[in-house]
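Chains here go by letter, A, B, C and D, matching the order in which they are written, and residues are numbered from 1 within each.
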Amino acid sequence: MPSPSAALYRVAASGPADVSGVEALFAGGLDPKTVVAVLGKTEGNGCVNDFTRGYATSAFEALFARHGATGVSIVMSGGTEGALSPHWTVFCRAKVEAAPARALAIGVSRTPDMLPENLGRRAQIKLVADGVRKAMADAGIVEPGDVHFVQIKCPLLTLARVTETYARGETTVTRETLKSMGFSRGASALGVAVALGELDLDGIDDTDICNRLDLFSGRASTSAGVELVDHEIIVLGMSDAWSGPLLIDHAVMQDAIDTASVRAAYERLPPGKLAAVLAKAEPDPSGAVRGRRHTMLDDSDIAATRHARAFVGGVLSGLFGMTDLYVSGGAEHQGPPGGGPVAIIVEKATA
Amino acid sequence: MPSPSAALYRVAASGPADVSGVEALFAGGLDPKTVVAVLGKTEGNGCVNDFTRGYATSAFEALFARHGATGVSIVMSGGTEGALSPHWTVFCRAKVEAAPARALAIGVSRTPDMLPENLGRRAQIKLVADGVRKAMADAGIVEPGDVHFVQIKCPLLTLARVTETYARGETTVTRETLKSMGFSRGASALGVAVALGELDLDGIDDTDICNRLDLFSGRASTSAGVELVDHEIIVLGMSDAWSGPLLIDHAVMQDAIDTASVRAAYERLPPGKLAAVLAKAEPDPSGAVRGRRHTMLDDSDIAATRHARAFVGGVLSGLFGMTDLYVSGGAEHQGPPGGGPVAIIVEKATA
Amino acid sequence: MPSPSAALYRVAASGPADVSGVEALFAGGLDPKTVVAVLGKTEGNGCVNDFTRGYATSAFEALFARHGATGVSIVMSGGTEGALSPHWTVFCRAKVEAAPARALAIGVSRTPDMLPENLGRRAQIKLVADGVRKAMADAGIVEPGDVHFVQIKCPLLTLARVTETYARGETTVTRETLKSMGFSRGASALGVAVALGELDLDGIDDTDICNRLDLFSGRASTSAGVELVDHEIIVLGMSDAWSGPLLIDHAVMQDAIDTASVRAAYERLPPGKLAAVLAKAEPDPSGAVRGRRHTMLDDSDIAATRHARAFVGGVLSGLFGMTDLYVSGGAEHQGPPGGGPVAIIVEKATA
Amino acid sequence: MPSPSAALYRVAASGPADVSGVEALFAGGLDPKTVVAVLGKTEGNGCVNDFTRGYATSAFEALFARHGATGVSIVMSGGTEGALSPHWTVFCRAKVEAAPARALAIGVSRTPDMLPENLGRRAQIKLVADGVRKAMADAGIVEPGDVHFVQIKCPLLTLARVTETYARGETTVTRETLKSMGFSRGASALGVAVALGELDLDGIDDTDICNRLDLFSGRASTSAGVELVDHEIIVLGMSDAWSGPLLIDHAVMQDAIDTASVRAAYERLPPGKLAAVLAKAEPDPSGAVRGRRHTMLDDSDIAATRHARAFVGGVLSGLFGMTDLYVSGGAEHQGPPGGGPVAIIVEKATA
């Protein structure tokens, strides 16, 4: 009896355009058409002028074009501060001849195109929530509690989109491109929270977005990209309909040094080999961690998000004993202020 | 029966010149004359143009002058990357009416002035080794194995010192001020290793200094300062002749994520309250941690030492659950390449 | 017949706390009590965590205290990017036995303390305008057209000041310290514009402050400091009542490469020795200079103000053939967007 | 009577991979096969981890492949600090029906592959000198004095190349990749000097390379790239055999603010439209400009080369009234210490 099964490869990158490790996987027999998504950590600054993300994306687009793979979701997160290691995590799914047995399930979806006036407003939350439900269905996950990580790539406002919107007599939530990225990430994260039952859409006002930090999802990871006007959604969770050795769970770090929550999640998983860690990090907006001042928000030499990735990267690398973790910054409504979601995927030991 | 006893205060700093917390300790009854040393973490870049160290030092000098305290060793380490918190650690010692009972002992010494031609050479190693032995005697520590941390402030070469040396027909190990700091730190660390029996002076050549990275002390922490031509030495260890609730042990991290060694040292200490953590961090010179590439040494936007402090700061903060740790960079011959010494001081729980 | 006469010294600094050059002036006969103001360029980042300004200020305060000089206005501007050279410009005034002959005049004033609710609002504009008129009177300048540079140090909002204001039932223009600095600088600059007749107070609304960039003074240079709640004002201009060899004029750069305006102002002055250049610089908010894109506002590695100082520092250093210029960033309502005021002081050649 | 004629296009880039402006030129009738070279300024940091150069190069390679143009020399220089504007300068040459009339001539050549042991040594100087002479011949330039700018792309050492060299029993000038880039740039620049008669090969020792700063070419601009093992050479000069409206001259800035030399060169050219400015910049190694200290070499937050480009970019932009200049850093043996070559190309006004 065939069942869907997930596979995952963590591949080292010697630079932003180095896709040779993935090409080697294809040469070694991996079917490029089974690739669903690539989550990459590139060595840029992860901020406005980080061109390593675009460079990596164009290298992967060329790779997949050469191999006839289409529709792969490519999510690049810049910033490998500290000893974090640049790498690609390649997610695959295929039908295998194996009985279903509760395992990691991967689902994807795309929302309809979104009008610019809806960005950063309740309409985006609703649109994303519908998309997450669709990706859950694609993954064969019924219970929201079985979802452990939702990665979303969302659109942003450009000058042209803003102009066109006002020409139609509508308004946008902001006229600034950079701010629109935060609004889009934040609304998308709240969309995850609504789909997973963490929050009720009726309890969220337009003005709460990027404002009420107590509203968040413990399983959302969102990033904004200029190249799309819809949303690419990847859902990772557990499903009884899937098979394979991979299992996932998650923690919600309450602050930057909350290893207890992460350790507890790790211990809920069976013994095995660590396959991937996916986390969000941000500088505590209060300016302190457990009552002690940090200086990330006042440092005009290094962006606060770079500090946060380096530090939380250290916290998690120390705990997991490995440095090729996906630690991403910019965590509006993704976990509590100063904390963030952490998903852990293990390959269970075979008897 | 009176015995010497050590006290230690970790004091928050709201900025590089904020000594108000220490002033409050004095107002609250702490005798300024018992202060032996201050180890500070300031929020500069920890590199060449870090003026927060000088600013803090001048604020402390004025404070101690106002309070009639003399001979206090002031060691400022710049760089509170990530969530590391700027703070001062104030070390005191006083005679108390208590029977000796193995406890934290603090000893200090100063070496004779050093000629510039000896900097970064075997003569400096020998000079420092003698000084460390003197500080051990001052602390009442006989066994080298009872020493767990040696902080040294060492001189550097200035243009004037180099010129004067060559005028006398002698040579210096380098003509560059910045490089001389590394040589001085390295030779001082090797001096600690010799004093503590970790290395044999006869086995070290001049050319090994800052070159043979396999030679190191697991208990040295050294920094160079322009204001002195001798060495200020602070020895922290355990002594049967002292009393008080403080205890110290140390670990040698083998790489940036070696929490096992640190955890083991922490567990060797009895239960109690964490009083201080003193550590050295550096980017792994091999360019990788456990076989996975890091990008610290190739980042022309952020100094590698800043990356290393942020990351190792995260590793240790996650492990200890606290962010006001003394994590210092620039670790020539202080621990193995990419690793470093970590001293842990606890206040034992009273029954 | 005695007349007031201005003197000016440009003194090199080997570091933020190096006041030895000014001390040498005193040792050489300069009366410390004639010092009216010090404008300094220090080698910090000129942004939030630039502690070189406070370090320099405390060194000067100690210097003036040692020499019994009181009431000296100390203005420190961080940032000597590119080849700009750290230095102090010391402004003095004294009665001399010489007939008045149109020359550089210096006037100072302080406003009454300002309530926090007035910061960044029309009330501050009015308060500063009154203060500028008072400083003009102090300088013996009647015609606003004779004023060529007004340096203002203005207050900012702290958390405590905001809290206290709301406790009284009033509101502040912002709750954020950093933003309050911009509002205070902007309103102060508009106050200069009103006093000098460049703008009419009736034409300025509260909402125009830091918003309508077409409103500006061509002679204002303002900076915010946490240590004061009033305003320190220094007016530089020409007066028939003064004597001495110094003369001043000014230009308003229309963009970052507008050397024509500066050259014209320089040529309006008689031949002589360049004594000082005081300028403001900012990245063009349009994102372009003469239609060509710049990348200052998108660079997450280097603050835009640092880029602007380096570049405009180059423009002016190339033109004047000297690198110890006072080029300061943060130019809200100080010159047109992307441009800024430039004051030039020369010592006329004696026959 | 046909003659070769040069054309030159300065094209704005909205990002490192934006070749749309050049594509538009092709669409507008420019024959892609006439393109000889592209010199680009990209908005990276111009240092080790500047991936904008590789990103831009790959975008151009794809563009030229689509249009069937081969052998185009692509030279990318990172760093558009200050208001410098990212852009491409496209150099073309074609036969036109016009009588020869002294005009800008472009010649290119490639050297034979170079063995790694020759890098940074006299053998490289000789190899490059021969290549420059070949490119001069290709340009139809006989007199070295008619050459005004030589752009060279030279190889560097990689770990693999070093290992292979030592395996053959030879040695390399250094084992460090980064240092090898400086040696290769320096030896290449000296090769230009030898070819142009500025220096005599017999007077240069291996140990002079990157050491004796008084030896330099006033017309060389060199950059190292990992992708080649030979040298790509582009010579720009004046030739009686060419035709067209473009003319070139050059200056050698003696220090960072030497506008007099540049102005003189500009004035030697006939009136016309400025077509391109190509310059090298570096922080003065003495630590001062005209006796006044600069802080570029002590800034651990911003690379010294970034400071230098921003500042010299300002100097030249102020002088030329335009910001899309090719200002490149890393100037070993390219102009005097702290100064550098500046080539100016104008399109002469037609009657």
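Just so we're on the same page, a residue touches a chain if its C-beta (ideal position, glycine included) is under 8 Å from a C-beta of that chain, and two chains touch if they have at least 3 such contacts.
It should be emphasised that the depicted structure is a prediction, and the values quoted were computed from it without experimental measurement.
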Far-end chain from subunit D, centres as C-alpha averages: B
Subunit B onto subunit C, rotation angle from CA fit, given as a multiple of 5 degrees: 180
Separation of mean Cα positions, subunit C and subunit B [Å, integer]: 43
Centre-to-centre distance between subunit D and subunit B (centres being mean Cα positions), rounded to whole Å: 47
Inter-centroid spacing, subunit D versus subunit C (mean Cα positions, whole Å): 40
Where subunit B touches two or more other chains at once, by residue number: 43, 45, 49, 295, 298-299, 301
Subunit A-touching residues of subunit B, taken from the complex the two chains share: 12, 14, 43, 45, 80-87, 256-257, 259, 283-284, 288-290, 292-296, 298-299, 301-302, 306-308, 310-319, 321-324
Contact footprint of subunit B on subunit C as seen in their complex: 15-17, 43-44, 49, 51-52, 54-55, 58, 301
Subunit B partner contacts - residues on subunit D that touch it in the complex: 45, 47-50, 295, 298-301, 303
